[in-house]
Amino acid sequence: MKKKIAIIFLLTIISLQIYNSFAVQRFPKPEFESGHTQPPTITPDPRSHALAVLDVFVLAAALTVVTWLVLKKRSRNGVFWMSVFAVLYFGFFREGCVCSVGSLQNVTLALFNPEYSIPITVTAFFVLPIVYTLFFGRTFCAGVCPLGTIQDIFALRPLPIKTWLEKVLGIIPFIYLGLAILYAATSTDFVICRYDPFIGFFRLDATFMMFAIGGIMLLIGVFIARPYCRFLCPYGALLNLVSRFSKKHLTITPTECIQCRLCENSCPFEAIDKPVLLKEKEERPIAVRRFLMYTIIIPVLILIGGFTGSQFHENLASANSKVRLANELINETNFGETEKEAFEITAFKASGQTKTELYTEAAKITKQFYYGGWMLGGFIGLVFGLTLVSLTIFRYKEDYTPNKGSCLSCARCVDYCPVLPENKIELNKSI
Amino acid sequence: MEKIRKLIIANVQLWKAISYVAAIFSFIICFLIIANYFQINRIDPVNTEIINNLVERLNQNPNDEALREEIREIDLLARKAYFTNQWQIRTGGYFLLIGVIIFVISIQLMNSAKKITPEVGDKDENNLFIQKTARKWVSIGGAGIVVLALLFAFLSHNKLEETFNQAIIAENSGNEELTTKVPAVEQETANPIVQEESEEVDNVQEAVEEPQTEEIETNVQEIKDIYPTAEMKANFPSFRGPGGNGIAYQKNIPESWDGPSGNNILWKASIPLQGYNSPVIWGNKVFLSGAIANKQEVYCYDANTGNLIWTAVADNIPGSPTTAPAVTGDTGHSAPTVTTDGKKVFAIYSTGDVIALDMNGKRVWAKNLGVPENHYGYSSSLYIYEDKLIIQYDHRSASKVMALSVNTGEAIWTTERNGKISWASPVLVQTNNGVEILLLTDPFLASYDAKTGKELWRIDCLFGEIGPSVAYADGIVFATNEYASLVAIKAGAQPEKLWEQYDYLSDVPSPVATDKYLFLATSYGVVVCHDAKTGELLWEQEFQEGFYSSPILVDNKIYLIDKKGVTHIFKPDKEYVSIGKASLGEGVVSTPGFADGRIYIRTDKNLYCIGK
Amino acid sequence: MAKKEKKKGLPASLPNRQGRKAGLNRRDFIDKGFRFSIAVGLIGIVGSLFKKSQAKEYVWQLDPSKCTHCGRCATSCVLTPSAVKCFHVYDMCGYCDLCGGYFRPSSKNLTTAAENQLCPTSAIERKFIEEPFFEYHIIEDLCIGCAKCVKGCGAFGNGSLQLQVNHRLCVNCNECAIARDCPADAYQRVSIDDPYLFAGFEQKKEG
C-alpha cells in the first residue's frame, strides 16, 4: 500500500508539470481473473430529431388552425382553446426551446458567426410565423406563442391604460430587438433567452431570479394584459412591423361598421383605432409644418442615437466574457474575488492562450461593439423618429378598426360586435 | 352547450369562493417555497465547511472515535436535509401549479358567466391630445435614454480598446525584452570582469531581471523537452503528422471500410478546388487547401459532420504575380499541405503566396515570398515550431529555409542553403540539441536549429530531383531518391553514412522509420522493410498499384494508400504481416490525416472521413 | 351621442369619397410594395442561411479536456439538480483501490465511511471485484455534478470520471446557462448524433 501511495504521489508531482494532464492512462486497465465484465458507460440519447421535425409540423398546423379560427370562424372561444393547447404543447410538453422568439438570435448568429450553422428546424421556427403574419396578421401571437398565450390566459382583470402611454412603451420592444441582435451578432449572449420570464414555469424548474421575474410578469399581466408581448417582446416588434403590411387581417366587424361603439373598450391591449373625424383635424399649415419638421429631424435623431450608442459601446461590450476577462486581467481585479484566484483566470491560464491573443481578440470584439453601438443607436434613433412622425399624421377614418401593428388577433373584440355576417344586427348578444 | 352555460352561470358564487381559496392556497405555498429556497441555499452540501473542518480535525487525531461518529451523523443529516428540501420544493411546485390552475379556471369561468356588457366610453379622447401627449413622452423618454447612456458612458469611460491595444504592446515588448535579455545575462557571466566593474549598477537591474529570465528559461526548457508538443500529438497539425516524421499518435484507427458501399465512411464532402495536399486536423476542424491558376483557397470542414465551415480565398496579396507560374498537372498549384497551431492556419501556393488565417477563416496576414522558379511547381509543406512558420524555399534562383512569425508574417530568421531545387518537405525532430529541421536537397542533407536557423551540420549524400522527405528515428536520418540511393545517416555535428542501399528507391512517397526498422513505399508498387541499423533488406512486398501517398505509422500499424485508393494496413515488424485492406473506390495521391478513431483521406474531388 | 357624431362625420366625408378611394388604392399599393419587399427580404435571409444550414439539431455538451472543475455545472444549470452528471468511462478506469475520485486526499482508511468520501452526496458506489481491483458506479439520482470526484480522478488517476451533460435530463436551452457561466469555455454545441465528448477514449454507444 505504501508503495502505491508513493507512486501516486510521484505521479501527482509529474502530472503537475505536464501541461493539460487530464485523461491520461496512468494506471492500465486491469484484466480480471474472476471473469468480471466491465459495465458499459451509459450515454442516454438526447431528444430525437424526429420530434424536432414534429414540432415544426405542429407549429405550422397550429398557425393554420388559429388563422382559420381568427379570420374565417371568428371564434374567440376557439382561439382561447388553441392558446391552452399552445401552452400545453409548446410550453409544458416542449419545455420551451427552441421558440420563435429565441430563434431570432440563432438566425442572427448564423448570419454573423462563420462557425455556427443553423438547424433547419430553427430556421422554420423563425420563418413560419413571419410568413403567416405577412399574410394574415399576428395570429402567431394570438394562439401559438407559448409566452403570449400563458399571459393571455392570465389576463383576468385587464385595466385600460392611456393610449399615449401605450404608444410610448411600445418603443421598448424595438430597443430590446436591437440589443438582442447586437449581442447575438457578436456571439456574446442570447439576452432574450436569458431573460425569458416564463420558461421556468413550463419546465417547473428554474433559478429563483427567473421565477421571480416570471411571477411578477404574470401578476402584472392579470391587470395589464400581456405586458411582455406589448412592451418587451422583440419578436413581437418584428411581427408588429410585418403585420402592418399583412394581406389579410382580423376585422372587428364581419361586414360594415355601424359605429355602435360597443367594441370601443373591448380590447385589453388598446389595439383598436378609434374613428378620427375631420373635426379633429388641425389647420393644414400647422400640421404640414410639424410633419415636415419631424421628418427632417429623423437623420438628426439617427445621428444622436448613433453617437450615444458608440459612446456607450464599452458598457455594452463589457457583457462579453472575453472583453470582461481581458479587462480583469489588465486591471488585476480578479473578478472581485479576494480570497482566491477567480475561476475564469485559472481557466485562462490552463487554456494555453497567450495574453496577447486574448487582448487582440478583446480589442477586436470591442471594435465590433463600437460599430454595433453606432448601428444600434442609429436604429433606436430611427425608431424614435418614425414613431414621432407617425404621431403627427392625421388620417381620417370613421370606423373602429384593429391597429394592424399592435393587434394580436386574439379575437376578443369580435364577440362585442353586434353585426352578423348577413348584415343583420344582433340585439341581445351574449357569448 | 346551453346546459353547461346555465350551470356555469348558476354557480358564479361557487367559482368565486373556489378562486379565493385557490388564491390563498397558492399564496401560502408560494411563500413556503420561497422560504424553503433560502434554506436550501444555506445547506448547500457541496460547501459543507463544517464537515470539512471536522475531517481536518479528525486527520490530526485519527483515533478520536467520537469525532468520527459526529462527522458521519452530520454528513447524513446534511445530505438528508438537502434531498428532503429538494423534494419539498418540487412537491410545493406541483401544489402551486395546481392551485394556480384552479384559480385561473375558476376566474375564467366567472368571467365567462358574466354577460358582455359593452361599455360605451362617455368621454371623448381627442386624437390630437393623444398624439401630443405621446409625442411629448416619446421625446422625454428618448432624451432620458440618451442622457442616461451618455452619463454612464462618461462615468465608466475606460477606453477599453485603447487599453487592450496598449496591453498587447506591453505584452509583446515585455516578451521581446525578456528574450533579448537571456543572451545578455549569459554574456555577463561570460565576462565576469565587466560585471564586477559595473556591479553596483547591475545589481539593481539584476534584481529586477533575474526572476523574469528564470521564468523564460524554464519555459524554454519545457518546450525543448517536448516536441512534438502534447497538443500537436493530440491533433494532426501538418503533412505526415506532427513534425512531419510520418508518425501519428492517435488511437482506435479503423481497419476496415468500403467506399462504394459507405461502410464505415462517416461522411464524404466535395472539395471545391483541386490540390495534391493532405488534410490536417485540429480539434473539430479539418483543413486543406486547393488552387487553380487564378484562384487559391483554404477550406475548413467540420470534422464530425463534413460541413464546409468556411472557405478563405487567398487573393489581393501584395507582390503576388498576376499570372501563376506554369506547373505540371501532377503537381498543381496547391501541392503543399497547410499547417495549424490551433490558433491559426497557414497555407502556401505555387505563386509563393503565404496566407495566415484564424480558426474562423479570417485573414491574419498574407504575403508573397517571391515567385518560386520551379519547373514542376512548388510543393514543400509548412510546419510550425513555437511561434515560427518554417518554410523550405529551395528554387532555381534562391535556396533558403526561413521562419516567419506566425503572428505577423515577419521573417524571424532566414538561412541561405545554396542547394538546387527541392520538392521535399522539412522534418522537425527533437534531438539533444533541441529541435532540428532536417532538409534534403541535391546534393546534401542538412540540419538547422529551429530556434535560430543556424545550420548545425550537413552531409553530401544524394542527387537528382528530390521528392521524398526524410524519416528520422533514434538519431538516424533516412533519405532516398529515385536513381540515387537509400541512405541512413547518423545525425550530429559529425554526420556519417551508416549504410546505403540501391535496390528499391522512391521518387514520391516518403519513408517512415521506427527505432528498429525503416519502411519504404515506391511509386511502382513495391514496399520494403530494412533493418534501421544495418540496412539489411528484411522483406519486400509487391502490390498491384503504385504509391504516391506516404505511409503513416499510427496506433502501431502502418497505413499506406495506393494510387487506386486501396489502403494497405500492416504491422511495423520484421516480417510482412497484413492487418487489413480497405478500398475507397477512388484514386488517392494524398497522404491521409488521423484523429482518434478516424482517418481523413483526400481524393481528387472529395474528402472522406472514415470511422465508426 | 354616437348618432350625433355620425351626422357630423358623414357629410364632411362625403365630398371626399372619391379621394378616399384613391387614397385607399394608394395605401393598398404601398402595402403591397412593402409586403413584397418583406417577402424578398425574408427569402434573402433564408437564402443566405441556406449555406449555413444543417439538417439536425444541436445539443450542448462540455469538453472534459477543457474543464477546470470549478463546480459551476452544479449551480448554473436551470435544472435542480443539474443535468450535468459525472459519467464513468470504464474503459479508462484503472479500478484502483485508492481511488482519487472516491476518497478524500487525506483519507487513511480506505473504507466507505462518510469521513473518507469525497462525494458530498455519497453518489459513488464502491464495489470490490477482485484483489486489488474495485469498481466505482455513479448513482445518477444522487449526483449533482459538482466535479469534486472528477477533479480527484483527473489529478491522481486516469481521468475516467468525467463530467458530461446527461441528455435524458437536459432540456437543451437555446442558450445553455452553464455555457454562459463556464470559465473555461468548455461548452459547445454538438450534433445530436454524437452527443457525448469523452476525453481520451472512443465512446461506445449504449447497446
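The letters A, B and C name the chains in turn, as written, and every chain counts its residues from 1.
Everything below uses one rule, namely that contacts are C-beta pairs under 8 Å (C-beta built on N, C-alpha and C of every residue); 3 or more make two chains touch, one makes a residue touch a chain.
These figures come from a predicted structure and were not determined experimentally.
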### Query
In terms of CA centres, which chain lies closest to the overall middle?
C
### Task
Tally the contacting C-beta pairs at the B-C interface and at the A-B interface, and name the larger one.
A-B
### Task
State, to the nearest whole Å, the distance from the C-alpha centre of chain A to the C-alpha centre of chain C.
19
### Whole-Å gap separating chain B and chain C, where each centre is the average of the chain's CA atoms
23
### Query
What is the distance, in whole Å, between the centres of chain A and chain B, each centre taken as the mean of its C-alpha atoms?
34
#### Entry: Residues of chain A whose C-beta touches two or more other chains
20, 117, 205, 261
### Query
On chain C, where are the residues touching two or more other chains?
2, 54, 80, 201
### Task
Could you list which residues of chain B touch at least two other chains?
120, 307
### Summary
The residues of chain B that touch chain A in their complex are 30, 37, 90, 93-94, 97, 104, 107-108, 111-112, 115-116, 118-121, 125-128, 130-131, 133-135, 137-139, 141-142, 145-146, 149-150, 152-154, 156-161, 163-165, 167-168, 171-172, 175, 222, 229-231, 307, 309-310, 343, 360-361, 407
#### Entry: Of chain A, residues touching chain C in the complex
1, 4-5, 8, 11-12, 15, 20-30, 32-34, 36, 38-49, 52, 95-99, 102-103, 105-107, 110-111, 116-123, 127, 130-131, 134, 189-190, 193-194, 199-200, 203, 205-207, 210, 242, 244-247, 259-261, 275, 277-279, 321, 342-344, 346-348, 350-351, 396, 398
### Query
Contact residues on chain A for chain B in the complex?
17-20, 113-115, 117, 153-154, 156, 162-165, 167-168, 171, 175, 204-205, 208, 215, 261-266, 274, 276, 280, 282, 301, 304-305, 308-309, 311-312, 314-315, 317-318, 323, 326-327, 330, 352-357, 359-360, 362-363, 366-367, 370, 380, 384, 387-388, 391-392, 394, 415-416, 429-431
#### Entry: Complex contacts: residues of chain C adjacent to chain B
1-2, 54, 71, 74, 80-81, 104, 106, 108, 113-115, 120-122, 144, 146, 148, 190-191, 194, 201-202
### Query
Which positions of chain B touch chain C when the two form their complex?
45-46, 48, 54-55, 58-59, 62, 68, 71-72, 75-76, 79, 82-83, 86, 89, 120, 122, 251-252, 304-305, 307, 596-597, 612
